[in-house]
Each structure stands twice: as C-alpha cells, then as structure tokens.
C-alpha cells in the first residue's frame, strides 16, 4: 500500500507541478482569473447592483446564491447523515467498547468562566451574522460561532445541560427551518413571477426598491444559513462526542 | 537565482502541491482510519490554499468597499429613498437626468456616483468558492468520522487491516 | 408556471426533503407519500422540460436573474432533459419500492432515510441540469454525502465500504475541484459554455494547465463513476448497502457521472480538443475494454447476487466510457442511449435483488431456488432486465449494444466490439445461471420422476407485495418501451450529438 | 415477382400463436379447453398461411411493414416463395404435432403441460416470423426469440440431464448468434446503410471486398448455429433431452430448419448467388457441409439411443441443404429448398415413431427394439417410410429433393460433391434400415417383445400415420413445394 501511495503521490504531484509553470504569477492583477469580466464585474458592479459593500457576501448570497443554498444543504445533509449513521435510538448498551465516560463534577472556575463567556460569544455571533454585509462575516461564520457556544456548554458542564438549551428535536427543526428560510426567499421570488432566488422581485412585498430588496433578502438568507449551521454544528458535535447515544459527552 | 525567481513567483502553487501530496499520501498509505481522515482534511485544505492564491492581486485589499465609498453610496441612497416616499413624480423629474431608472421608476443602479477601481480589491469570487469548499470539507470530515465511529462500535478497532482480518475470519 | 419547470425538477424533491426532515421525525408515516408525490412531480416537470427543449431548443434558466457568467444558470439541452427525465423516473420507481423495505432495513430512521434519499435525488438532478462547473462540484458533494450515509445505514460491512467510498469519493471530487480551479486560473470563468468560449478566445488549448485540468477532471469523474482501475470502492458499497439504497444508487450515481463526463468533454473542452488534439482515444478505449472484461469476469466469480450486479455496473461503465471515447457519432449516441437504458436495467435487477433479499433474507444466488413457481411475476420482471443486460432484442439493452457496436465498427475499434460481445456472452452465462437456479432449483432432481420437487420446499415464499412488484414490472415495461421506441430517443440524442461537432473532427 | 400486395396477413400469421398463449394460460386448468385453444390457433395459423398461397403462386409477394425501429431499419414482413414454402411446412406440422403432443403428454402424464403448450405456441410464432421476415434485422429478432422460447421446452423435465442439455443448447445458440451474427449484421448495416431487405441478387455486392465477404459468409453460416453445421452442431444431440414432440417439431422442423432457412436467405437474399459465384466462395461452404454430412452420418451409425441417432441424422441432412445452396447452381438451390419440406415430413415421422415407442414401451435404445415391429406395426411401417424419405429413395418425397441436389452437383461439374452425397445416402441407409429390418424380421427367440399388438396413444399414432402418408403423397404430388422452390430459384438467381 505504501509503495502504491508513493507512486500515485509522485505521479499526481508531478502532474500538478508541471502545470504550475503555465500559471500566471502569484498576485498578478492581469491574470485571467483577476482580469476577466467575471471578477471585474463582482468588484466594480456589486455595490451598484446590490448595495452590499462586502463583495464576498453579495457574490455568496446573491450572484451565486444557488450555490450557497446547496452549501447549506451540504451542511444539513451532513447533519442528517451523521444522525442516520451514528444515532442509536434504543437505550441499551450505551457507548459499547468506547472510552469510559466519566461523570463530570461541576468545576467552579470553568463553569463561571463559561457562564460569562457564552453570552458574549453569542452576541458576537449575532454581530457577525448581522454585519456580514459590511465587514467580514455572514451566516456561516456567525453560525459556527453560535454553534460553538452550545458546544462550549456541553464541554464545560455536560451534554444534558446543553440539551436543555437545544434538545435534539429543536436542533433538527432549527436546521430545517434555516434551509426553509433560504429556499423560501427563492420560492417567494418564484411565486411573484421571477426566477428562483431572484430577490429583486421581493420589493413587491417589502417596502424597498429592487436593489434594496436584494440587500435585505441577503440578510434574510444569511440568517437562514446561520440557523442551519448553528444547529448542525452542535448536532455533529453531540453525535460524535456521545457516540450517537446523546447521553453523555466527553 | 534564476531558479529561485521562478519558484518565488509562484511560491503558493508549489506549496499547495506539496501540502496536497502529504494529504494524499496519508489518505492512501495510512492504516488508521482517523489518520486517513486527517490526510483528507490536509488534502482539501491544500485546494483551498490553491484557490485563494488565484484571487490574490498585488496592491489590492480585501474585497469590501472602503468606508467612505459606502458612505457616499448610503448618502445617495437615503436621499433617493426620502424623495421616493415624499413625491415620486418630482423625484423622477429631478433625477432622471443623472440617474437611470427602470420603467417602474426604480433605480437600476445603486449609488451610481461611487467609482470603484477594479484593481483596488482582491478577487471576491475565489473566497466565495472556498467558503463552499470549507463547508464541504467539514461535512465530509464529519460523515467520515461518524462512519469511523460506527466501525469502531461494530469492530472495536479503527485499523483497516484489523477490520479486514476480522471480516475474513468471519466475525 | 411552465417557464419555471427547469427549477421545479429539483425543487420538488428539495422542498420535500426538508419537509420530510421536519415532519417525518414526528409523524414517520408522511415520509413515504411525500417522497413519492414529490418525485412524481419531478418526473412531470422533467417531461415538461423535455417537451419544451424539443420544441424550442436549449433552455437557459438564470438563477437569481443574473446574466451568466456572473450568476449560475441551468442550461438544459436535449441531452440534459432526457437524462433528467430518466433520473427522476428511476428515483420515483425506486422510491415506490422502498415503501416496505425502509422500515424493515433502517429501523427507526425512516425520516432520515427519506430526507437523504430526496437530497440525493436533488443532487443528481441538479448535476444534470446545471450549467456551472463549480455548482456541479457542490451538487456532486450533496449527492456523495447522501450516498455515503445511505450506504452506511446498512449492516456492518456496509460501513467499511462506505468509509472507502468516502475516501475515494473525496479524492475524486477534489480532483474535479482542482481541475475546475485550473480552468478558472486560465480562463477566469466558471460557466461551462463561457469557459469553452474563453478557451477559444484566448487560444490556450495548447496550455499545459488546460491539459492538466482535463486530466484532473476526467480522472476525478472516473473515480466517481468507478471506471476501471478506479472502481475498488463500488462493489462492496452497493452490495452491502440497504437494498433500497442500492436500488437507487446502483442505477443512478454512475450514470449521472457518465453524463457529467459527456457534458464536460463536449461542452467545456469540446470534441475538437478531446478527440482531435489529444490522441488518447485509443488508450481510453483499451481501458474501457479492460473495464468491461474485468467487470464481467469478476461478476462471474461472485456468489452474492448484489455483488455480482455491482461488478456488472463496472462493466457497463466501461461500455459507456468506451462508447464516448470511440470519437464516433453513433458511438456517442450509443453511450447516451445506454445511460438511459442502463439506468433502467440496473434498476430492474437491483429491485429484483432487493425483493429476493426481502423475501428470503438471503444474499447469495441459492436464495433463488425454484422461484419461478413461487414468484412468477417477479421472475418475469427480472427476465426482462436480465435479457436487457444480455442484449436480447427487443429490450433496451439490445439497442444500446447495437449502437455501441456500430460505433465501434465504424471507428475501427474492433477490440471494443469484441469486448462488448464477450461481455454479452458472460452476462448470458451469469443470468442463465440465475435462471437455472430459479427454474431447476438449486439441486435439480437426478431422474425424470421427481417433477414436483419445487413444491416440496418451504412454500412460505410467495409473490412479492404490490409496492415492490409494481416498480419492478413498470421498469420491465419501460425497458421494452425504451427498446421499441429507441428511434425516438435516439432522435432526441442526435439533437445533442449533432451540436457536438464530432463528425467534423474525424479523419 | 415485382408486384407486391400489402396485407396484414403475414403479421397475423406470425402473432396468432403468440396471442394464443393467453387463452392457453387462462384455460390451463381445463386441459381439453387448453388443447382446443392450441388447435384453433394452429388451424387459424395454417389457414392464414394458405390464404396467401394463391398470391405467391401468382408471382406476387405479400408485405407488411410494422414500424421503423432503428433509423432506416424496419420490422417488416414479406412473404415470398421460399418463406411460403417454409411457412407452409411449419404451420402445417404444428397442427400434426399438437395432435401428437396431446397424446404424448397425456400418455406420459407430464407435468407443467400449460407451460409446455404456451412456449410451443411462442416458438411457432417465432418460426413463422423468421419465415416471413422481410429483412435481416427482423429475421435476427425472431431467430433470437426462437432460441429463448425453446429453452423451457428443451429443459422441460427440469432435472440434471435437462439442465446440462439446456446449457449446451443456449451456449451454442447464444454464443453464435451474439458472437457471430450480431457483429456481422451490424457490419453489413454500416457498410450498406440500407434497410437490409432480402432482394434478388443480394445487396452486398459493391459494398464489401472479397476478404470481408468471406468473413461475413463464415460468420453468418456458422452464426446461424441452428443449422447444425459442424463444429457447432453438438447442441442438437444435447437438446434431445426434450420431450419427443419438442424434438420432433423443433429439432426436426422448426428450429433446425430456421437455421438452414436463414443460411438460404443469406446466400440468396443477402450475398446473392451470382456475387458468390463471382468470388468463388461457394466452395468453402460446400466442403464444410460435405465434411459435416459424412462425419455426422458416421457418428449416427455408432449411436444406440434412437433419438440421438436421429439427431445426428438431422445434422447431416441439414448440411445437404446448406450444400445445395452452396453449390450455387439452380438445381442445387431448388433441391435445398425442397429438402426443407421433404426432410421435415420424413424426419418428423421418425421422431414421432421414436416418441411413440418410448411412450408405449419406455424403450430409448435401438438395441432394445429388436422385434418391435410385431408389437407396434403401424409405427414401424411409418418409421420405414420416414427412413426412405430421409435416405432419398423413391416412393417417398425425399427422393425429389435428393434428385435435385444430385443434379445440382452434376450440372456444374462438382463431382466430388456427387460422391459425397452418394456415400452419405449409403450411410443413411446403413443406419436406418437395420432398425426396420430387426423390428420385423427376427426369430421368436431374438424378439424382445411379446407377440401382441399394443400401439401408443391413438392421437400419437394418428399423427405419425398422417405424416408418413404425406411423405408418400409428396412423392406422387410434390407440387406446392416444387413450384415454390422453382419460383424462388428463378427469382433469386434471376433466371
């Protein structure tokens, strides 16, 4: 296996390197990728067309919003997949053969620190989500941070404590609702007579110009993404950490 | 020195290939399933490095507009919006000269006065793409780990050859 | 609503999957009907799109209203519409079959199963109709993740197979992603048609980067379709997955990847580049010959029914890859026709294998002992599928072979023709072995006297329930229909092939 | 023969027995009604075939195109004189065989009789389909259908022996048809780009070179392995595990005759006699056929199992037909076509007799049949007549076809073949006459049977008597076959 691996690595590496000489220099503003109308359009026109100063957010949630919807679906799929692979609904035989799970005693320092930190983390997460139009951030980033706050609860105390906040069903609901929010914007555009995910038409139902409708819808879909990511991040953690039993974590 | 020049001009691309091959080697050669997944993670991260390298522009900053550009834009926007609410017809009459509008009277371009230089900002597209790739990487890793855990639950080991032995011996 | 039909093809299963995920966990009973209804709606949308494509030509559906290449578009030509119809139809039939088997084989995870199932269909249908190279990657991953999970839901050997699939699948998808990156770095575009135009406009067909991009994409897609020698992940995955999973994965995943290969070869790189500039047709055709022979011969060595069928898929992949790389009009028509035909015949035999497993609980060929008398209708459905795989007229499989062999002869690739014929014969041996067991019983009587031995076995096994029988027989009927109306299907395919410019580059 | 009539009759003639499967299956519970359905279908079929006879004798053809299945290629029926000849023989003998099988199957209380009669009907459908096929593609379609439809018949007993026989049967037939005929078919399609209709003088001329022609000729000749040309003959003795009515109709008439019929079609309608003559390719096939004739006759001599001896005899007789066309002379071709009919009647009589003996006494081996003439006189007289016909002696129909074959060899100076035919006739006599002789003329001590007359089931005896009598009648009045064969020869050799 080792020699096979070495051979394939050498061949692939040689193949990839052989094309490097053909690439434009690193950082060359005139490279095809940077000078073609695609990236130029995204840089120069995004603000005019969507009113979002953060081009990445605009491209993510609008120009390539369809991709992003499926990105969210990928996360959602991963969550469902892990549940379907790992989750044990029957109660007998918890964590057979795995490392022994200790019952945690509450630790004052860890507990207090986390108590203090978690609200701040969550607040920051909301900021990242909401301010994604103007600064680095967005639904994915904020969602991960938010999800991390729940994971921190589970880590600092135990999984049951985290479950009080986000029981399994609520996790799944959140994840599904997140995607529904995203796709709902698309569907709404469709019902109003435009193509799927063409937010501009939503100005008919929100008081704004078409360009502002895009701006606001993007915030909406980012919130949807954040829902899903938050929920699934926690779900992946809790399943993996409890070996699918959802009883006790690490 | 010539050689060094060649390398340095495309430094990132060389590095990405090397990182990627480390990952690929681990994916194929390692026997431990978690190590394989780590290799997979390295492999995917290398691709992210590659893509992000494409989008770099000398002398450009992150693809978010400068504050004053946005501010100028918002200024126009606010103005337009107020006018719109107060008296639509007036607004049209007064702005049709310098702002294009569509047939419903909505502006076709937001803040048309703001001038954005294409060379000021890095290519945003690759970042979007890589956001997706990261997400995919996380998802695959998660599923991979879940399957590994299931295998561990069922076979009591995560060494591939041991599992093969167990299957062969009919357990 | 007709102009929205392209999006509806995948939006129906997509929304249904979310609803199943939300509602199914409370009321598992809604999962199955929702799945079937949404798949049915998807079939209708596909047919509507197909009709529209045939009348008005290529449909371009701009998602988000953005002009490509800025935004993502669906670009559905005759080929895409045809494959989408086949994919959604297979999805519908396999879904109907799963009614009883999902609760039986996946226990308390019914809603998760159907969620994943619908997401898989969403991914596959999305792959077929998208016109964006990067979006294709995302959808490949959606379908891949769901496949991993659908396989891993099986018994314990399935988990190991799924793990290998994760590793191989990730390498394949990553290669594809890298290839797209190489294309992007040279052209700056992600839209398939636009990439092709840029390749021409910039005159960079000689570039090494484009060559490497081509290799990466091709190899990546080959891994995903289990083309020999990159097929190692497939047999166990499909053999040990729950029968409902393999009934949908077996027919669809490899076929859709072959569609993707055709799409990328002809739309992104263009026939001129692939067959004119690169002179690899010979090599790839020889590889496909190896795939066909290895697949068939390995299938011969199996005693596990589904594993045997899984190896046959590898051989069939060889048919189609070879057919494309014959660089011949008719060969390409044959390949595409075979995508449709093979999707249904693989479905047919996998449904059969599923029914046998459900009824007897056994995986090996001896489970079929004397089944002709016990389950005659099931066997009839199976016979049609088997005849189609062997290539007996007038089933669909005969006509796909007809076109493929024609392409092989016309392009002078006799080795491919011989491989096809040999594989047909091996298939005949394989399936008549099954037919013999089902007809004579596992141990036939020595003399003439004991004619009634079949009845003396345990007679608990009876005809399959309607929810299993209907998809099987419907598939069998479709196989005959696809065969008898092959001319109309080929007319649709020819629409695509005539645009592919393949005839012009031939010497 | 330029004028043609468009009529649905040929299609109907083919599918009527296919449609009959439905009533046969539905009436499965009541044997009399089921057999009634078989008979009705058989008579309708024969009637439909005969109804087209006047038109054919008028020099017309009856055509019907069902639909274009592959671009430029149609599923189409066309009845011409050769097809008519074969169709007449097959559909008529189905009636007789149905009669016989009723006796045989009931007499032996066979299982799964419904399945048996259903597939029998399907096989007949395919046979008539082959006979009336207008082009190579349609022919191939029905040829394959016949292979598969006869499989359950061959393996009817569902025991180990049947499985082995069935395996051999399918291995040979499918290997050759998929391995040889299909590529040749597609090659021809590509080269000519035509609809592959059988036409006078063939359609290959001008499209393929001499080497390609030779390869195609060999692929087709060996590919239609139902013709039993050596070395692809061993499925035929293997298939003798089938119940005797199956052996009789399928392996003396329908299946094997479909094989030679296809080869005749190849020679006359695809390659064209003149084209082959120009390339001098007939000789290759004549030698293969000659070898098969002699070898199979010698093997037949050594067989003790009556059905196997008949099988090897069939292999040899089939090669007569191939040899006849391969002579590429008008008389040879006429002789071949006539031999399809003449040999069918003779051989089916022999098979019926073999079955009747098995049915009445359970004997399969020739060595056990000493003195059987006293026990089953009608059967053994029929056997004698059948033998005469197959050997080609006067007072039986076989004489005429053999006469034409011999004439064919002489007219073109192919004396080697004349010798082959004569030796073979001698060998035929050598393996048939001792059976008849020992059946009747043996001392009381030698006889293995008590001296009481006990024939088989009356249905069986009636059937074999009819065919035996018809064999004789065909000597006196060979008319329909004779003129049909003459017409065909004239048409295909553009005389």
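The letters A, B, C and D name the chains in turn, as written, and every chain counts its residues from 1.
Everything that follows uses one rule, which is that a residue touches a chain if its C-beta (ideal position, glycine included) is under 8 Å from a C-beta of that chain, and two chains touch if they have at least 3 such contacts.
These numbers were taken from a predicted model, which means no experiment stands behind them.
J.: Find out how few touching-chain steps suffice to connect chain B with chain D.
T.: Counted as steps through touching chains, the separation is 2.
J.: Based on mean C-alpha positions, which chain is nearest the centroid of every protein C-alpha shown?
T.: Most central by this criterion: C.
J.: Find the geometric centre of each of chain C and chain D from their Cα atoms only, then give the gap between the two centres in Å, rounded to an integer.
T.: Using C-alpha averages as centres, the distance is 43 Å.
J.: Could you state the distance in Å from the CA-based centre of chain A to that of chain C?
T.: Chain centres of chain A and chain C, defined by C-alpha means, are spaced 31 Å apart.
J.: So the centre of each chain is just the mean of its C-alpha atoms; given that, what is the distance between chain A and chain B in Å?
T.: Roughly 12 Å separates the two chain centres.
J.: Considering chain C alone, which of its residues make contact with at least two other chains?
T.: In chain C, 134, 138, 141, 145, 148-149, 152, 159, 162, 178, 184-185, 190 touch at least two other chains.
J.: Mark out which residues of chain D touch at least two other chains, giving numbers and ranges.
T.: none
J.: Touching two or more other chains, which residues of chain A qualify?
T.: Chain A, residues with two or more chain partners: 16, 21, 23, 31, 33-34, 38-39, 42, 64, 67, 71, 74, 77-78, 81-82, 85.
J.: Taking all chains into account, which pairs touch?
T.: A-B, A-C, B-C, C-D
J.: Under the definition above, what is the set of chain C residues touching chain D in their complex?
T.: That would be residues 387, 390-394, 399, 401-402, 405-406, 409-410, 417, 421, 424-425, 428-429, 432, 436, 439-441, 444-448, 450-452, 454, 484, 486-487, 490 of chain C.
J.: Can you list the chain C residues touching chain B in their complex?
T.: Interface residues on the chain C side: 134, 137-138, 141, 144-145, 148-149, 152, 156-157, 159-160, 162-163, 166-167, 170-171, 173-174, 177-178, 181, 184-185, 190.
J.: Which chain C residues qualify as touching chain A in the complex?
T.: 4, 7, 11, 14-15, 18, 21-22, 25, 61-66, 69-72, 106-109, 112-113, 115-116, 119, 122-123, 126, 132, 134-135, 138-139, 141-142, 145-146, 148-149, 152-153, 159, 162, 178, 182, 184-190, 198, 202, 207-209, 211-213, 215-216
J.: Where on chain B does chain C make contact in their complex?
T.: 24, 27, 33, 36, 40, 43-44, 47, 50-51, 54, 125-126, 129, 132-133, 136, 139-140, 143-144, 146-148, 150-151, 154-155, 163, 167
J.: Enumerate the contact residues on chain A facing chain C in the complex.
T.: Against chain C, the touching part of chain A is residues 15-16, 18-19, 21-24, 31-39, 41-42, 62-67, 70-71, 73-74, 76-78, 80-85, 87, 89-90, 169, 172-173, 175-177, 179-180, 183, 187, 190, 194-200.
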